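Common to both upcoming complexes is subunit A, partnered first by subunit B, then by subunit C.
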Partner chain A sequence: MTARRGQVRVVEAVLAVFMVVAVILLLMQFTRPLRSVYIRETSDLRRLGYNLLNSMAENNVYEKVLGDLIYEASRRFSASGKCPEGWEGNRLDDLAFFASTVLPQGLLFRMDVYTVHYDLAGGRAVLCPLGYAANYGVGTNMTEAEPIIYTYVCTGDPDRVRGSALLVHLTIGYSG
Partner chain B sequence: MRRGARRGQIVVATVLVVGIVIMALLVNVYQMHSLFLRTRSPVVREVVAAATADFKRALAATLALATRAYFNYTEFSDLTERFASYGMSMHNRHNFTVARRAALTFLEYWRRSIVEAYGAYGLQVSYELLQLDLSRELGRARSVRDLMKGYWYLPISGSYAYAKLKLNLTALGFYNWESDVFVGLTLVVNRIPASVTSTNTTIQISVRFDGDVDTGTYPPTVRGYPYGNLIARGWVRVYYPEKDSAGRYTGAWKLARIRDVSYLGMGNYSITFEPAVEILTDPVTGQQYTPLMVVISDERGIVVEASTYNYLVFAIERRTPDTLIYYDSAGNRQTLSRPSDISNEVYTLEMSANLSLYWLGQKLAVDPQLKLPPFPYVPIKQVRVNVTLDGTLSTLAERPIQYENWTTVPWRGVQVDIPVGLADPQMDLVKGDKYNARLVFQVKFPTTSIKRQYVVLWWYDDLDAEPAAYPTQIQYIYRKEGGQVTWKDVRHPLYDVEFVDLEHQQSRGYYDYKGVAAFVLRDPITDFAFGPFNLHAFGVYGNYLGRYRPYGTWQVYYNYMRYSWIQAPIRIFAVLNTTLVGNVYAAGDVRSDYYDTLAIVQVVNGTRYIPVITYIYWKNTRSGEGYWLATEMGRGYADYFAYTAAGYQYKQNQTFVYTYDDVSGSPGGVLIRPDPGALMAHWSSGGVGRAVVLNKAAVQLLRSVGGSSASFSSTATAPGGQRQGSIEADFWPYTTSKTVQQGTLLRYWAVLFDFRSSGSGFLSLPASSAWQNAYIYTPMFLEDYAPRVIKP
Partner chain C sequence: METALEYLAVGVLLVAILIAANQMLSAPAATLDTVRQEQLYTVAERVLDKIVLTPGYPEDWGTNIAVSADNLQDFGLALAGSREPYRVDPDKVMRLANLSTLPNPLLLNASRLAQLLGLEGYGYRLRIVPMLKITITPVGYYTYGNYVFASTFRIRVENAQGLGVPNADVTGMYALVRAQPGAGEATVEAKNVIAASALTDALGECVLDFTPSLQQYFSDPRNKPDKWFFTFLIVRAEWRGFVSVAGYATNARGDAPVEGYIISNYVFVNRTISPTPVKKGNKQSGAVLVKDELLQAVPEYQELLNFTTVVWCRDSTGRFRDDDPLCNNAGRVLPSAQQWYLVGYIRYVEPLASHVFIFAQFRGGPVAIVVNRVPSIDVSNGRGAAPANAVRLTRMCTVYNYPFLVELTVWRWVEGFP
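The block that comes next holds the complex of A and B.
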């Protein structure tokens, strides 16, 4: 009888410990920080990226910096119905310079810019690369990178680019 | 019992543990969901904002395209021509419907591309075209619908686009987002300048853009934000009216030299420019204004054009006498009072873009006190006319208006105004170097008590305005049967005018004209041909009179370019421009070495007259028996004939009346009488008559070319022996042979006038005196009695 009582006590003690642990676990669920560093940095990066792109849009940076390229790409597409070849390798240094001055130190970015041609004859929208702007080169790794898509219809001067549509693919992150 | 109690404790403890574990799991699930929401929310917010902002930019770009094309397609061709494939061509620059269609096409492609771009988020985009009330913005009842609207040319003007954007992000569980997207630019120009110095003018304008859409009302309303970037990122232009050396406005605009633009805050600007512009007074309202046009653009390229005034106003003064003098055949002075009802005194006037007004091709005298500023840079289709009926503003109402395109060309050494068709209503109403649009309208003087009528030419502010279409009783009928043109007629309630020419040689049931260009007056109901009006004729062909007559093809203008369903509401005109003469009596007898002819015939709605403006140029010296300025045949219809004397051999307006017996009893069956004057008439004993009124120039030409041989004549029979009974104005009759010299240039007009012996607008007269009902309207077709344009 005494041995059996001892067994029950042991089981009760185990259960009690289990209960305490479970309660502690439950309390931990409520007391754990809701936003991890990862989440915070992810949302901040996105917000930063959109802020950058919006800021450039509001100041007609795309027209001013890329106007000639946009016009030339449109002209070539209108003439041949094809995208200019090899333009994906164009370095858009002016754009990179503008972005670098706006973004905080330590952030890396790459901005790929495309013109969106509305091909009425083919009933399609065609993407043609204009080039890219980046503040890092080959061999640099980006960690916690965030991709951001942005579309932009040019509204600013000059007239030859007004009404042109752009697609900007921005990747922004930390150097790792 | 004790053992059972302990077992119960274990069960309870187990349940508690399991419950706590399940609760912990639930909290975990909640936490994961919360984490998911927190990680996706920045994307939703930013993607929605980015898509909405881009939609707004797309709207702005399409509005910029539409308004820039509308204002000046060529100046902004870097933009406009890139959208030619969307239909936004030079040809359609003043077609807001096309601009709207181009915008919708652009937005559809934008929609597709953005859906692809944000495909990872499951973006779905659509937009709805709704109505937005602009009355708070413009101060008058206007709204945006069908995506975009422009309200220009008034002191408060604007360009606007509005749509409701709807989007879902299905991959992020975000649905039914709606956003009112509105872009706009409003310009308010003060009508009176802030100051005018000897060299400068300073005006104030207010500019607003976009604005918050108030959805608390239906339809939603908007009020724009003050626009402060006009100097830094937009532009402004001021145009002032050009003056000639005499200080009269020419109809053209000049770009002012802006000396200073100052921002006064809250969207208000002060603009100082050269030169000093005079302040005018609206004669109707008494309000002062400076005639200016202001054009602005914001940094998005949206353009607005505003004018400081919204109409031109003047009055037309009738100058015809209500008591007329004539002399009977015995030379006794007679007076003739017009009836109080003179409802046939209807003037069909033309106003050119160069601000000149015309009646029967002659420029009307304008009161020097009248300051008529130019029309703004407005497409022709916007323009309308209001005219009074009783000389008071109470009857000022919209009346039919017709738009025509005229040009001034050198013709045989002189400058000649000729129509080149009805105008393209979408073209600008601007003073041109070569072509000038003319606005044609009618001014009626229904009673003798009315001496002047107000005319207000105004313009619609809506860029979607269509050209004016009005019911009309004149109709052009062109028909081919069996490969032959059988109808080339203009139908009028009083007569059917059949144009015979090279392509329509055989007048129906009447003569084959063998390519000679003339027009035959026919009964509009029975189609009975009364005979032709011959423009000109020279020489004889055997025993037949009038050998060489103008030969060619009439060009008939009766509808508008691209608005072919709108018939000419006021007049249909036919133009003959030929270097050939032909012979109605012998096919193939066509010559190019006699005279050139330019003739303009007008069939006018709501009137009894047909003006025929004629230019003749003799290329060689020719001699011949008989030379006719114009003849109107009668086909036996007329029983009486009359003409008034020019005053060279008889008293001026001494009138002679003859019967058909007088004509048929004349030598050779041709009555020939000297000293023809302004009026020739023939009519039936039933009191139906037609007159030909010659202007002063024609009467003088009869004398200067024909000398004392100039005569009125009437031929009793046609070549086939049928009864004819014509009225003819001869430089010299067929019984005389004379010579016309090379280089002789004739410019004159003749007006066919349909009259009755009684009825509305006429005196009640016995048959033998019915000519008096033509005589009481004769002055209105003479140069000396042309109406005047005066200040109201």
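The block that comes next holds the complex of A and C.
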């Protein structure tokens, strides 16, 4: 009878230890900090993205690469009051080549560019897509990425685009 | 039987406790691992910000020759007083340059840089390279009298990763300065500029051929072979708004040390070079500086190729002179430079001049020394290291008006051995 009671105690102790260990391991999963390295990486991506867009602006890259498109989009909007249709699917290969030449290797990006028009009567801004530049296709996922929005007023040559406002939406990150 | 069961149960208990203890010990270690990685990122970000966004102390340490590696108190490359971020001071960058043909007399070396940046215990590599790198390779020559001029050039334009850039607009400006040699000095008679342009091909290369223009130039009876000709080439490449520039001494022999440094107004060239007093009209000259980027874009603006005076800090016997206050100053703060370099100062340096071409002689022949004011930098305190874990960050900066890439790679010293 006493031996049986002792065995029950041992079984109780085993169960108790398993419960304690399970709870500790469970809690440890929750208390482990986030992968802070990813947070750092994406914060640097944001700075790199702004740095890139700003550097392009300082060197009048937007005007040089997108000048004809900007002019055509503005002309059509002035004529009809509407954005050109279907331009969101335009591939801006020159811009994509430019960005992939300048950015460090191993980064993925997608850059959507819009012209900004002001509807003074309606009191609103209208975004007309010019197209997008990307160095990855459908089926590629980014694991860590940062979106950056940048506005720019063209100041350089060609003269006919001077004063045009652009909105650039850049997503930059690492593939999974 | 019951005893055996008890022993088994106690054994299971012990194993469970050991596993739990192991888990408890390894979990913080895994956490620490992420913290250590994060810490390396933090270090790299802070250091890169320090490098490109702060001017250092004293703020004029790039141009102040009294500031050496030993008494520089704080390191930073930002242009002092600039309101634009990521604008880098070229004179500070020049302190990091170390040409293979001539050591920098005021070099800030990698170990001192690590000390100033608080990177002791870390390995690092700092690269400051133009966004578009131009490589000039002579592929054809034109011979005239005793002169051999490089006349055809293969130009390669590549990005910071070494990939050729197609469709870049390349303009080459071949400058020829004719001088009449006299007793102890030469007199400038004429300055001519020949221009050629081309677009780079799919590999980022193009050829600029100046041979027909040189033939035409030397068919002029005024350009006799007994004159002195100082010649140099300036190449400008533009691609989608990004611009880069490079210089080349076109009549230099292969072994001529045709590079030098300019720190503040002082120029330092190899001591085997003979300074050549050159007069233009009644004014002492000695160098040509590329006054403005506009000249590189539009070679017709050749008036922007300015003559300027160089005062050499050696007297006629070859000894370092101390009767000139500026030479005296250089000799006082750089005593070793007196012995190992040919030191001079330029009376006026245009702030936006990318290159200075100094008239000199090497083994009796006239030659133009190319001083590039926007050099590429590659500093490392762990060359050849293959770190297990490293962080690399890049920023796009501006040096004068030229876009440059600043790239910093940091790793822990203990993890950096091959």
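Convention: the second predicted complex is superposed on the first by the 140 of 176 C-alpha atoms of A that agree within 3 Å, B and C clash if a C-alpha of one lies under 4 Å from a C-alpha of the other, contacts with A are read in each partner's own complex, and residues count from 1 in each chain.
Heads up, the rule we're going with is that a residue touches a chain if its C-beta (ideal position, glycine included) is under 8 Å from a C-beta of that chain, and two chains touch if they have at least 3 such contacts.
Source: prediction; values computed, not measured.
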Requested in this report: Please work out whether A:101 is in contact with subunit B alone, subunit C alone, both, or neither, and reply first, second, both or neither.
Outcome: second
Report task. Return first, second, both or neither, reflecting whether A:165 touches subunit B, subunit C, both chains, or no partner chain. Result -> first
Query raised in the report: Where does A:152 make contact in the superposed view: on subunit B (first), on subunit C (second), on both, or on neither?
Result: first
Report task. For A:120, decide between first (touching subunit B), second (touching subunit C), both and neither. Result -> first
Report task. Give one of first, second, both or neither to describe whether A:7 is in contact with subunit B, with subunit C, with both, or with none. Result -> second
Query raised in the report: When the two structures are overlaid on chain A, which partner does A:24 contact: first (subunit B), second (subunit C), both, or neither?
Result: second
Query raised in the report: When the two structures are overlaid on chain A, which partner does A:59 contact: first (subunit B), second (subunit C), both, or neither?
Result: second
Report task. Overlap the subunit B and subunit C contact sets on subunit A and report the shared residues. Result -> 11, 18, 25, 32, 35, 39, 43, 47, 54, 60, 156
**Report entry** subunit C to subunit A touching residues, read off their complex
**Finding:** 2, 5-6, 9-10, 12-13, 16-17, 19-20, 23-24, 27, 30-31, 34-35, 37-38, 41-42, 45, 86, 131, 159-161, 163, 165, 240-243, 392-396, 398, 403, 407
Query raised in the report: Which residues, counting only subunit A, touch subunit C once they are in their complex?
Result: 3-4, 6-7, 10-11, 13-14, 17-18, 20-21, 24-25, 28, 32-33, 35-37, 39-41, 43-44, 47-48, 51-52, 54-56, 58-61, 63-65, 94, 98, 101-102, 104-105, 156
Query raised in the report: So in the complex, which bits of subunit A are touching subunit B?
Result: 8, 11-12, 15-16, 18-19, 22-23, 25-26, 29-30, 32, 34-35, 39, 42-43, 46-47, 50, 53-54, 57, 60, 74, 78, 116, 118, 120, 125, 148-160, 162-163, 165, 167
Requested in this report: Enumerate the contact residues on subunit B facing subunit A in the complex.
Outcome: 6, 9-10, 13-14, 16-17, 20-21, 23-24, 27-28, 31, 34-35, 38-39, 41-43, 46-47, 49-51, 53-54, 57-58, 60-62, 64-65, 68, 76, 78-79, 82-83, 85-86, 105-106, 109-110, 112-114, 116-118, 120, 299-301
